[in-house]
Amino acid sequence: MSNLDAVIQELVIANRILAREDVVDAYGHVSVRHPGDPNRFLIARSLAPELVGPEDIVELDLDGQPVRSEDRALYLERFIHAAIFAARPDVMAAVHAHAEDTLPFGIAQEVKLRPVIHSGSFIGTEVPVWDIADNFGDTNLLVTNMAQANDLAKCLGGHSVALMRGHGFAAAALSLIEVVRLSVYLPRNARALMRAMQLGGEIKYLSQGEIAARNRGYRPYSVETWRTWEYWAKKAGCGHLLSRPEG
Amino acid sequence: MSNLDAVIQELVIANRILAREDVVDAYGHVSVRHPGDPNRFLIARSLAPELVGPEDIVELDLDGQPVRSEDRALYLERFIHAAIFAARPDVMAAVHAHAEDTLPFGIAQEVKLRPVIHSGSFIGTEVPVWDIADNFGDTNLLVTNMAQANDLAKCLGGHSVALMRGHGFAAAALSLIEVVRLSVYLPRNARALMRAMQLGGEIKYLSQGEIAARNRGYRPYSVETWRTWEYWAKKAGCGHLLSRPEG
Amino acid sequence: MSNLDAVIQELVIANRILAREDVVDAYGHVSVRHPGDPNRFLIARSLAPELVGPEDIVELDLDGQPVRSEDRALYLERFIHAAIFAARPDVMAAVHAHAEDTLPFGIAQEVKLRPVIHSGSFIGTEVPVWDIADNFGDTNLLVTNMAQANDLAKCLGGHSVALMRGHGFAAAALSLIEVVRLSVYLPRNARALMRAMQLGGEIKYLSQGEIAARNRGYRPYSVETWRTWEYWAKKAGCGHLLSRPEG
Amino acid sequence: MSNLDAVIQELVIANRILAREDVVDAYGHVSVRHPGDPNRFLIARSLAPELVGPEDIVELDLDGQPVRSEDRALYLERFIHAAIFAARPDVMAAVHAHAEDTLPFGIAQEVKLRPVIHSGSFIGTEVPVWDIADNFGDTNLLVTNMAQANDLAKCLGGHSVALMRGHGFAAAALSLIEVVRLSVYLPRNARALMRAMQLGGEIKYLSQGEIAARNRGYRPYSVETWRTWEYWAKKAGCGHLLSRPEG
C-alpha cells in the first residue's frame, strides 16, 4: 500500500470514529494534509462521515478548491480546513464539528473551557471563542469562504482548538490520531467541567506544567495511543482498515 | 412512482427518522399535506411511528376526518395537524411530539426557548407556549377536537413551533424534510440553552439577522440538507426508501 | 391459551419492557395478582428481568411464600409485592425498581416529586417518601420481611407510587400495562421536573383536575395504551408474545 | 478447569463487563491477586478491556514487573495495582478507571463523594481524593512508577476507593465480583448525589450503621450478587464464560 493510500485509509477510519463517538452527525468533517504535497489536503466529498469510504476522499488546495476536476458536491465549510493548513505549517490534520457538549461554552461566554481531566490536556491552556458576527455581521453562521475561514484561523492562532459561537469547534493537531483524540475528549472535558461547576466551590484545572508534561510525553503511535485508536476503530466497525506504520 | 406514492414514502421515512432520533416514542406523529389536494393531509393510522409502513398512511380532511371509510383506529390528536393545515396555507408538513428536553421550557415558563445554535435557527425568533388550561380548564391535556386544535393553531400563529405546557410541541414547516429537521434540532437547541444557562453569565442567542440569513439560505433538497436526510434515513434502517426528486 | 397462561405471558413481556426501558437492571421486579385467586400473585424467581421467561414465573401467597414447593431462589424483596397486594384489594400489579432518575427525590427530601407532564399524571397528586430507617433503624435498606413491607405499604396508602429513600420506588396499579407505564414515565417526569427547576422560576404542575381527568379517561386496553405496549414489546424483542384480550 | 484458569476466565469477564457498563473505554484496567501466590497478580497486557481474552492475561509481581519474560506491551499504570496489593493483604482485586461521572468530585474538591444509594454503600463512609501534584508536582497525571503508586495506595489506606484528581479512581475489594460491582455503582451513586444536590435542601446520606449493615450482609457468590454478575456478563456477550464456584 502506498503512503497516500495508507493516509486515505486512516482518514476513512477517522471519519467513522468521529461518527461512532458522537462528535459528528451528518455534519462535521475531518481532513489531513497531503503526505506528498504540503499545499494540498485530503477530505471527504459532501457526505455524512459515517458513510465515507476511500472513494469519497478528494484532494483540495489551500484555497479549498479541488485539485482535479470534480463534479461531486463538496463540503460548504471546507474552507475552515484550507485556512488552518495555510496558517499553520505544523498542523497535519483538522476537525470541524458541532459536538453538543462543547456548545454551551460558546454560548455562555463568560465561562472559559479549560482542561480539568488528563485526557483533556490536549485542548491546551486556552480555548479561544470565535464569533463570526464580530467581523462578518449577520450570517448563517457557516464558514463558506476564505475570508471567514482566515478570520477563524487567526483566532485559533497557535492553539489546538477554537470554539465557534453557536456553531461548534475547529481543532488542529500534528496527526489524524491526535486530532481525533482531541475531538473525542473535548466534549468529555466540557461535561466534567460543567458538572464540577454545578457542584460548586473551587475548580482544580490542570496546571500549565501538567499540560506541558502531557504534551511532551505524547506520540501518536505510542502503545497507549494506538490502543485507543484500535479500540475506537473496532467499535466503529472498521477495524479491518487498521494498519500501523512500522517503527 | 406517482407523486403521491413518493410523498407517502417520504412520510414513512419521516416517521422512522423521528423514532430513531428520539423525537417520538409510541406517541407523536408527523403529517404532510396531500400533494394533489390542499384540503387533505396524509398521516399514519394509530401506530407507533417506528412501525409505520406505506400501507398505514391514511388521508384526512381539514376537520381531521378520514376521506375514505376507515375502520382502523386513528390518532386521537390528529386534529392538531388538521387545524395547522387549515390555518396556515403555507405549511406543507407538521409534527406533534413529546421530545423530553423540550418539556422543561413548557413547565418553567419564565424562561423562553430561543435559538442558540445555528441548527436551531429554524425554530424562529419566538416560540410561544400554549397552555390548554387557559381556554379549556382541566382536561387530560390531549388535543382531541377541532376547538382545542384551532386554539393551539392560533397560538402557533405564523411561528414554526409552539410548546404545549406539560405535554410537548407542535411544529410546522414548508416540507417534510424541514419539519423533521426542526423537530430533531429543537431538543438539541433546548439542551444547549439549558446547559449554557447553568454555566451562568450572559447568553448569546442567535440574532434576528442570523435567523433571517439562515432561513433565506435554506432549501429542503440542497446538498447539505439531503446529506442529513440520507444519513438519518440510513441510520433508521430505511435508506432503501430514499428517492430524491430531480432538479 | 388459558387465562393464567395469558397473564404469565403478559408478565414476561412486562419484565422485558422494564429492562429495555432502563427501569430495572439485574435488580427490580414486577408482579401480577393471580387471575383465579386474589390471595396469590405471580412473579419471577430470582433472575434479572431481561432474562425472564414463562418457566421462571412462580406463585406466591400474600406472605411472600411460594404456594408450591420451590427449590429455586426467590427475590429477597418479594415481600414488597405481598404487602401491597394484601393492603390494596384494588391493585392488580406492582413494580419495585431503582430507576436512577427517581433516586434524587428520595435523597433530597425537601423537593416533592409531582406530575409535570401528562404521561406522568398516573403517579398521582402526591408521592410519599418512605424511609426504612424511620421504623427499622440501621438496615441494609432492603425490604426483606413482612413487617418492613407492611410499613412500606402503609406509607404507600392509596397512592400509586412511593419513593424509597436511597433505594428506589414501589408502584401499584390496576393492571400490568398500567404499572409498567407508570414505571417508565416516572423517571421521565422526574427528569422533566429536575430540569425545569434548574431553569428556575415558577413550575406549572399538573392540576388536581387534570390528574383526575386523565385517570377518568384511562383504560389499559384502549387503542392508545395498547399502541405503547405493542411498541415497547417489539423494542424489547418479545413482540411475538403479544396477545390482546378481545373486547 | 484449574483454579487459575477459572480466575483468568473471571478476569476476562470482569474486563468485558467494565467496558460494557461504560466504566472503562480503551483505558482503565482490572486485576486480581494470583490464587496460588499472594505476591503476584493477574492483569491484561496493554489492550482495551473490551478486547481482552484469556491469552492476554499476564502475571506481574508486586513491583509491577512481569514474572515471566514478556515482549508484549504492558499497561503504563500497572503500578497502581501492584502498590494496592502490596499495601493491602486483604484486597484480592483492583480497578483503575476514568468513569466520567466520578470526575467532577475529584475536580470540585469541596464536595465529598459519599454513598446516597444502597448500591453505593460499598464505596464506604469516606472516599479520599488523591492529587498526584501534592507530592510529585507537575506530571502527566499518570501513575507510572512505584513511588507514585505507593503514595496513592497510602491515600487509599483502608478505604475501598480513592478518587484521583483530574484523572479517575482506584478501587479495591475482596473479590473480582465486588470490585466490579463497586466500580459500576460508583458513577451511579455520583450521579444520584449530583442531581440531589441540584434539587437543593438537605441530603440524606447512608448512615454509618447502614453502610456497616450492608457490608455485613454481603457475599460475592450470594444469589443476589450472582444475579447481577450473570446479567452483566450476558449483556457483555460473554455469558458462555461464566462458571460459578460450588458452595
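Before moving on, here are some points about what is shown:
Lettered A, B, C and D in written order, each chain numbered from 1.
To be clear about the criterion, a contact is a pair of C-beta atoms (placed from the backbone, for glycine too) under 8 Å apart; a residue touches a chain by one contact, two chains touch by 3 or more.
Bear in mind that the values here come from a model prediction, so they are computed numbers and not experimental data.
Considering every other chain in turn, none proves to be in contact with both chain A and chain D.
Although chain C and chain D carry the same sequence, what matters here is overlap: shared residue numbers make up under half of all numbers found at their interface. Using the mean of the Cα atoms as each chain's centre, the chain most removed from chain A is C. Here the CA centre of chain C is 33 Å from the CA centre of chain D. Between the CA-based centres of chain B and chain D the separation comes to 46 Å, rounded to the whole angstrom. Centre-to-centre, using mean CA coordinates, chain A is 46 Å away from chain C. Chain B has residues 197-198 in contact with two or more other chains. Viewed as a contact network, the protein chains form a single closed ring in which every chain touches exactly two others.
By the contact rule set out at the top, the touching chain pairs are A-B, A-D, B-C, C-D. Residues 25-27, 46-48, 50-51, 73, 76, 98, 100-101, 103-111, 131, 133, 137-142, 165-167, 194, 197-198 of chain A are the ones that touch chain B when the two sit in their complex.
Every residue of chain D that touches chain C in the complex is listed here, in rising order: 116-119, 121, 188, 191-193, 195-204, 206-210, 212-214, 216-217, 223-224, 227-228, 230-232, 234-235.
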